[in-house]
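Both of the next two complexes hold subunit A, though its partner changes from subunit B to subunit C.
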Partner chain A sequence: MIGLSAELLIFVALMLLGYGFGSLIERRHRKSIIRRELELNRLPAIASRRPPEDRPYAQQLVSGSVVIGSDYFKTFLSGLINLFGGRVTPFESLIDRARREAILRLKEEARDIGASHVFNVKYETARIATGRVPALEVLAYGTALIPAADISRSTHDTSQA
Partner chain B sequence: MVQYENRQPAEDINVTRTHPLKTFAIYALSALILVVLLAVLMQFFGGFIAKRVPFSVETRVTEAVGIELGSRDAPPELVSYLNELGLRLLPYIDMPEGMSVDIHYDKENVFNAFATLGGNLMFYRGLLSVLPHENALAMVMAHEIAHVLHRDPAASLGGGVATALVLAGLTGNAGTGPASGVLSRAGMVTGMQFTRRMEVAADEVAVAAVGGLYGHTEGAADLFLAIAAQRSAGSDETSDDSPGLFERFASTHPLDTDRIDAIKTSAKKYGLLTEGATTPLPDDFQRWLAAN
Partner chain C sequence: MLLSNLEFLPDRTIKSHLGLVQGSSVRSKHVGRDIGASLKSIFGGELKGYTELLHDSREEATERLLEQARSLGANAVINVRYSTSSIAAGAAEIFVYGSAVLLDE
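== the complex of A and B ==
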């Protein structure tokens, strides 16, 4: 049987590892998200269901999906917060990153097929069961509008994919 | 024509600016205070209520449950010797009317003795075989009888059940995940402080009883010397030579060295002699223990 001290040591090690690696990965991910968002802001992803009618567009479904795992520290802290209620802030940052990453992946797909806009963007989330430390899936999907002049290129590109 | 654009979102709308370690410190401290308070309250009230159950009811319930204590083929001479020693100690323990003890022997080589519900005491061969003389045995026995006197088995059960129920209700249904294990541990460690107080109180009664029976407390501490020797001989428990702070806090029993000191203090308190001749165990004692 493991002694209490050993259990405490394992717990502290898991918390330190979770906090250390979790923070590092989160910082790097957030940096990457901001850089790629600045690049892709020129390709708007819009929630509206009414696309512009200024010119003919080809339409194509695009999606971006990401699965982000929590770390031990975040999961432990969210458990403590659940006792009292309030904002579960450790998971807010996780979900924020997942949502933005999913949109970025959607935009990257839209960019690759020559789209100028993505309309009717929606999100779906799902919890992925991975034991006691949860993981979260965010799926973003929408309708990519490809200006008429780019339709042939888009068709060619997608057939290669 | 409508212009569509995506602007860079502000970073602090969906994500808090509060440092996660600050959030952790606040919630961990609050949760710890909550769990410790609940555990203390439940130990206290659970124990309080359990102690108010009449001893006769406790005995009847224990009999009704019908758990057989001790080995069936325990040497009858050994069992009657243990019970006779118990009877000799009782006048010095101030047992109230209606309370009694029943002493059992188990042939397992377990280094332990305990008092349980209904005034039942259990002695294992593993412990008896290392006791050097009757005074050391009387010390263990008086200690366990003191637990019965203080109604400690009932209080432990009542307090333990109440604490476990409340902690399970608190951590089991709130979606606390990995935090529930740590919080339950914190509650259990809090409960151990109660157990340790019971041990200290039982030791004090035992010293007075041994001093009363033999006229001195010589050899009473030999039990703890035997325990210390047993531990350093390869038990998985931490040796008392260098106990970690956490072990010291989480242990149900006081340290052997502390108990030896406490025996001296109690002897002084009751004006007992600390030196005298020890009484040997019966000649056939080792033979009884060796019987299969």
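== the complex of A and C ==
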């Protein structure tokens, strides 16, 4: 009986910790994403495969990646939703944050080398096995186009792309 | 060496195609990082250890791709693609491939 109530106590504590810190981290992250998206809106990431030919551009592969894990509360809640089926909203918001963060990191790398566009942007999502709690990696990559006048600012070394 | 995931380069001509080049890397993290990650799994948020691990792994795979391209005498790799697969608990494979080409200077 005592063992059972101790287990219940730990479960409730983990749920509260997960909910409290989880939603705090999520709110902060969302805020930072929105702020940086506004800053980087002038550097478009484009899914088109055909680059513009209006002027010469230097090219360089750029990428951004992030691994985001779920929290205890979300994991439990999604298990519950799984019983009934339907939209698993806790994970939808997780994936959304991961995708946007990956694109932001890609754009930050592109901005630092003086690019004006990123073309042929592709996403890669992978589930990362971290024991019981789901985590996912999102990679965004594409080709940064650097206007010819700015080529001197680029490193020309793509080996660390 | 030029790396690009576009299929062609607007202002350069491809002199010759040298074939497919690839690089891969399988990595897993050490126990300390795993413990950190399992603590993080209560609170959620970014798992920085894993982000770095996969980033380093991708760099290594890219380095291997470039090595292969250099040995073929290429000066660019175009149409580069990445792929990731989790092959066992705690290990991920990063694979990168593309076409090695010789561009006109």
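The definition used in the following text is that the second predicted complex is superposed on the first by the 153 of 161 C-alpha atoms of A that agree within 3 Å, B and C clash if a C-alpha of one lies under 4 Å from a C-alpha of the other, contacts with A are read in each partner's own complex, and residues count from 1 in each chain.
In the analysis below, contacts are C-beta pairs under 8 Å (C-beta built on N, C-alpha and C of every residue); 3 or more make two chains touch, one makes a residue touch a chain.
Source: prediction; values computed, not measured.
On the shared subunit subunit A, the superposed partners subunit B and subunit C are arranged side by side without overlap. Once chain A of one complex is fitted onto chain A of the other, the partner contacts of A:139 are limited to subunit C, with no touch recorded for subunit B.
In the overlay built on the shared chain, the residue A:120 is in contact with subunit C alone; subunit B does not reach it. Once the two complexes are laid over each other on the shared chain, residue contacts for A:25 go to subunit C alone; subunit B is not touched. In the superposition on chain A, contact is made by A:128 with subunit C only, not with subunit B. With both structures placed on the common chain, the touch criterion links A:69 to subunit C but leaves subunit B unconnected. In the superposed pair of complexes, A:82 makes contact with subunit B only, with no contact to subunit C.
Contacts of A:60 after superposition on the shared chain: subunit C is touched, whereas subunit B is not. Centred on subunit A, the angle reaching out to subunit B and subunit C in the chain A superposition, using CA centres, is 110 degrees in steps of 10. The least CA distance from subunit B to subunit C in the superposed model is 12 Å.
Overlap of the subunit B and subunit C contact sets on subunit A: residues 52, 72, 74-75, 132-133.
For subunit A in complex with subunit B, the residues that touch the partner chain are 1, 3-5, 7-8, 11, 19, 23, 30, 34, 37-38, 40-41, 43-46, 52, 54, 72-84, 87, 89-90, 92-93, 95-96, 100, 117, 132-133. Within the complex, the subunit A residues that touch subunit C are 14, 17-18, 21-22, 25-26, 29, 49, 51-53, 56-57, 59-61, 63, 65-72, 74-75, 94, 101, 119-120, 122, 124, 126-133, 135, 137, 139, 141-143, 158-161.
Listing the residues of subunit B that touch subunit A in their complex gives 1-2, 4-9, 11, 14-16, 18, 20-21, 23-24, 27-28, 30-31, 34, 170-171, 174-180, 182, 185, 189, 236-238, 244, 246-247, 250.
Considering their complex, residues 1-7, 9-11, 34, 37-38, 40-48, 50-51, 54-55, 58-59, 62-63, 66, 80-86, 88-90, 92 of subunit C touch subunit A.
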